[in-house]
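Here chain A shows up in two complexes: once beside chain B, once beside chain C.
And now, the complex of A and B:
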């Protein structure tokens, strides 16, 4: 039993283990890897992905998918930049609001019109991207520097980047919602067996609605940080973010079919992917070998695959051990 | 309306795509009574229940509950209004913990947040009423069907409803567990809760029910007091005809012609896989019906899974048709001419979204297709033949299996394997959840298949079925084959004794 417990622990925390090993590797191999500058810049950059992945995690736990998060973030960044002259808070609110609008459309399509999430969010992905390009007139939109909007992306609080604090806060809220509210448990129940959830008398549609709405809002927030960090709304950013988010969620052990998932492991998944990218940059910086962007992609893909396979093996073995009663 | 009535449903109509499932059905339940609802497969019992709880919208009729007209549009509302239901298909969330499955929808809170320790305690407390002690934090899927069924019941009872409906709750429970359930039902009754109880096992009804309503073809035929109606009357009203009592026989299995039994087809020696199958030996001859008897958890299903290559052997060996047989996956067993009708038709056998025809053809597909293209005509013929032969009640080969009643789903599954023309057919609880009429049909079907040379391995929790149906009975107990009886030696007492105590000497006596 202890052995199987250990295995199941590894199964669920395999991603954490991989993360720690990767950090250890970087620390031993590169001089400034654990330096203050590198840590803060990794956190600052990846907090956007963390927010998007959090929303994705909830959507996937219900058994759905949200492909629109990348272009929603782009739209959010443009809207936030356009509103930033009115003040930092208004810029923030506008960006998040734009995300919520996309989320609202997704939620309605999926729960009211019963359109498959993949199709519904593919459509909104295109629509949001088009809207962002229209609003931005096909170029990046500079934010207002006077209103203090850029603080959201560029400044530190207690030594850590503000975006990292925002992401951390979002994950804490997400964790509490998932584990300590009935809506959170409902998310997992709907993903595990939607029909049963209805028969049990839970508001399955409302739960799904909220999840898509939240995912949109979080993508909008990521867009706000994007604009604040780079000083401009970026209508063409966000391409492939949804894939990054899905990868982070899956590496974190959340089942694509829904019903099983973890907020903490998703964060670990984001960090794993982000730090892997960072390590590859360091490796290039060493000048021994020069990895082209293409090779980097290949290596990241392989790495992802290895983590996922390991995790599947570990969790399969742990349940097999449990099943012997 | 009778003042004693808690629930009264009158003139209920329900059609599915124009086909009536309920026509002018009425049903009433008094306060604090246990009311049995019986009828053949497809009679409309589950539909009546689903109409009541708002899962289906009725086409006509009135419902009154607790003295007021009752209009709900979802199971959620029904539950909030005091009707708690355990649906026939266990409807729980396998990945989630037992606690969540019991408490979802009425979570305990502290400062607005879920209070896990209180919920675990509540789940443990509820299960304790059923003498079940398990780690309620573990995912439901790690537990056997019986425990899952108990969890579903515990969940329904936890809502402190005025009416608890149980649609075939006992089909996956063994005798002891049924006894425990009945105690809980009696407790509920004392607390003034009414219970509607659906079951095909008539003896159970006499043990716990006050009144009974019989359904046939979507109509409610008759309501009577349980102590005033005889079993034979129940059966004849269900079937709508007078049945003759087969002297001394509880099943439709009749005597077999021993000469039809041939050479040994499959022999298994000392099979083992971990705890649940430790040491099982048996053999089956072609044209023979071999029965596996044993209590729940004796390792019967698990042994069948080994034979069929679903799980891999850890020890022991099998011979099939004279050669060593070591199936690595089910397709090996299928290629060797085996079929396996699983007990858990929902998760292992039936593809609910596919049609009757598609479900039946699933295993046969590779054989019926010429270079990848399916021979539609041959397929149609086979499907129609089995629908007729097995008496499957459906609107046609294209109806979705999801829409069939539980018993008819089982027949589709049986048809799937029979269509393969197998040499060895493993039937795990072939008549579970099947009404008396269809049960008899399936039993005679099994016999006639054996007469044609098919070897049948039949697992059944119904003692009469094994004893009367099998040419030889193997008794399994805690993962070990403890006894073997031939037809003459297989008396109820002997088999039960072996199931309960596993007295080894019996083997020495019974083996030739």
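And now, the complex of A and C:
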């Protein structure tokens, strides 16, 4: 009993433990790893992925999937860049609005037309990408530097990057919604057993609708940060973001079958994958080994492999433990 | 509002949704061809046919493997990365970068066999993760989706490999009786897969697993073995497609070969009428689905619509096709 409890604890907090170990490793091995510059640049860059992964986490908890987040972020960045001359807030609103539009389409396809999330969001992925390319005329769109729009991506507040604050705020809201509201409990209920949820009178479709809408909005927000950080709306960015987000969510211990999940562990998953890359860069800087940037994806893939195998073993054990009762 | 039994019977004998679900893709394809015959200049030429067929070939080859995987209720996201691996490996062998082989025919043969087999082995690895560890296919194949392209990039150090080896490039540029060789290859693969799915025990087992895995297992189907094979076949198909792509391009770029192919293949399967939840599959449908998507794109481009807009239209077609099929099932 204590053994299986220990294992389930490892399942829940394994990702946090791994993250701490990785940071400890980096701190001991590299001089500037915990330096101000490195910390802020890691946080600034990964805040975009954190936002996308948060939306993905909620979608996956309902048992769905959202493949459109990457191209939605690209669309958001283009729209935000186009509106940025009107002011920072208008650029922000426009980017998020574009994301919400894609989310609305996803939500409608999944809940009204009952199209499988995988197919529905695959289609909107193509459509959002096409729309972004059309709006941007197949090239990147420079943002306005006069309106203060770039503040959203490039400046600091109280010593921390603004994108990191935005991502942190989103995670706090996400955590509160998941743990302290009926909608949040409904998200897990729908993912656990949709039919049972319906029979209990919970508005399953409304919950799913909200989740896809939120995922679109968060992807749009990530796009705004992308545009503000790099000074341009980029219609061809975002390729593979959806799979990175899925990987982060899975590494965070959220089951793809839905019904189980944690907002905090997802954030840890994003940071773990992000810092892994950072460590690799430092290791190259040391000069002992010379790993090209291409190793990055190989190592990420290997890492994901280890995590999913561990998860599979753990969940097999816990089902076995339940059966013993 | 009177109830008429004859009307009810008529409704049963002809359900438009059911009809569309069955023949929608074929009808769409015929309509597209008619539209093009009337409005697109120079459409009814051998050249147009060849352009469209050669562009659709690699998608169809990959989509055939994907159809089998999806028929078992799975999915294979790694196909594009496996194309990159086989596409990176083959030139390294026939250009003699690994071991110099004097005879060019022997070198090309070794290159083809080794690189396609390696892709098949990676597919087997996917199947092993899915069958032995019960990892969901979308996650299990995500591993190689991420790592696979990295492996190809590491092998070539991200460099473009260019070559001019007619013996090898025959599979992408050669012709037999005026027909591009890759089209013949595609037809052979499609026919073989259609035969396997319809006429062999293995094919019926694939469908049985997709329909109800537990029931299939209880009735004695070796579920794990079938899954291993199916993912290995998908890997082999991806490996072949990777070779065709680099043969056409006369170069291999690990960053580009097969990029986004998983989505094109899944779209072709979905439009073709294979259930994405498994249990019902049609290889010919997949062929028609891929051709429909290709022809839509061609039609739009030939009539001056930008490529980006074609993406939006493609998205609409995928949703429409899947929705119609669902209505057909709901009414059946």
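To be clear about the criterion, the second predicted complex is superposed on the first by the 302 of 325 C-alpha atoms of A that agree within 3 Å, B and C clash if a C-alpha of one lies under 4 Å from a C-alpha of the other, contacts with A are read in each partner's own complex, and residues count from 1 in each chain.
Just so we're on the same page, a contact is a pair of C-beta atoms (placed from the backbone, for glycine too) under 8 Å apart; a residue touches a chain by one contact, two chains touch by 3 or more.
Owing to the predicted nature of the structure, the values given are computational and were not obtained by experimental measurement.
Of the two partner chains, chain B (first) and chain C (second), which one does A:119 touch, if any: first, second, both, or neither?
A:119 sits against chain C, while chain B stays out of touch.
Tell me which partner A:200 touches in the superposition: chain B (first), chain C (second), both or neither.
Only chain B is touched by A:200; chain C is not.
After superposition on the shared chain, which partner residues are touched by A:24: those of chain B (first), chain C (second), both, or neither?
After superposition on chain A, A:24 lies in contact with neither partner.
Determine, for the superposed model, which of the two partners chain B and chain C contacts more residues of chain A.
Touched residues of chain A are more numerous for C.
Is A:65 contacted by the first partner chain B, the second partner chain C, both or neither?
Only chain C; A:65 stays clear of chain B.
If you stack the two complexes on chain A, which partner ends up touching A:134: first (chain B), second (chain C), both, or neither?
second
Considering only touches as defined above, state whether A:188 meets chain B (first), chain C (second), both or neither.
first
Does chain B (first) or chain C (second) touch A:34, or do both, or does neither?
The answer is neither, since A:34 touches no partner chain.
Kindly list the residues of chain A that each of chain B and chain C touches, one partner per complex.
Common interface on chain A, chain B vs chain C: nothing in common.
Going by the contact rule at the top, pick out the chain C residues touching chain A in the complex.
By the definition above, chain C touches chain A via 75, 77, 129, 133-136, 138-140, 142-151, 153-154, 157-158, 259-260, 263, 266-267, 270, 276-277, 306-312, 314-316, 318-319, 322-323, 326.
If we count contacts the way the header does, which residues on chain A are in touch with chain B in the complex?
176, 179-182, 185-186, 188-189, 191-193, 195-203, 255, 259-260, 319, 322-325
Within their complex, state which residues of chain B touch chain A.
55, 74-80, 85, 87, 91-96, 100, 104-105, 107, 113-114, 116, 138, 142, 155, 274-276
If you look only at chain A, which of its residues touch chain C in the complex?
These residues of chain A touch chain C: 65, 109, 113-116, 118-120, 122-127, 129-134, 138, 239, 243, 246-247, 250, 256-257, 292, 294-302, 304-305, 308-309, 311-313, 316.
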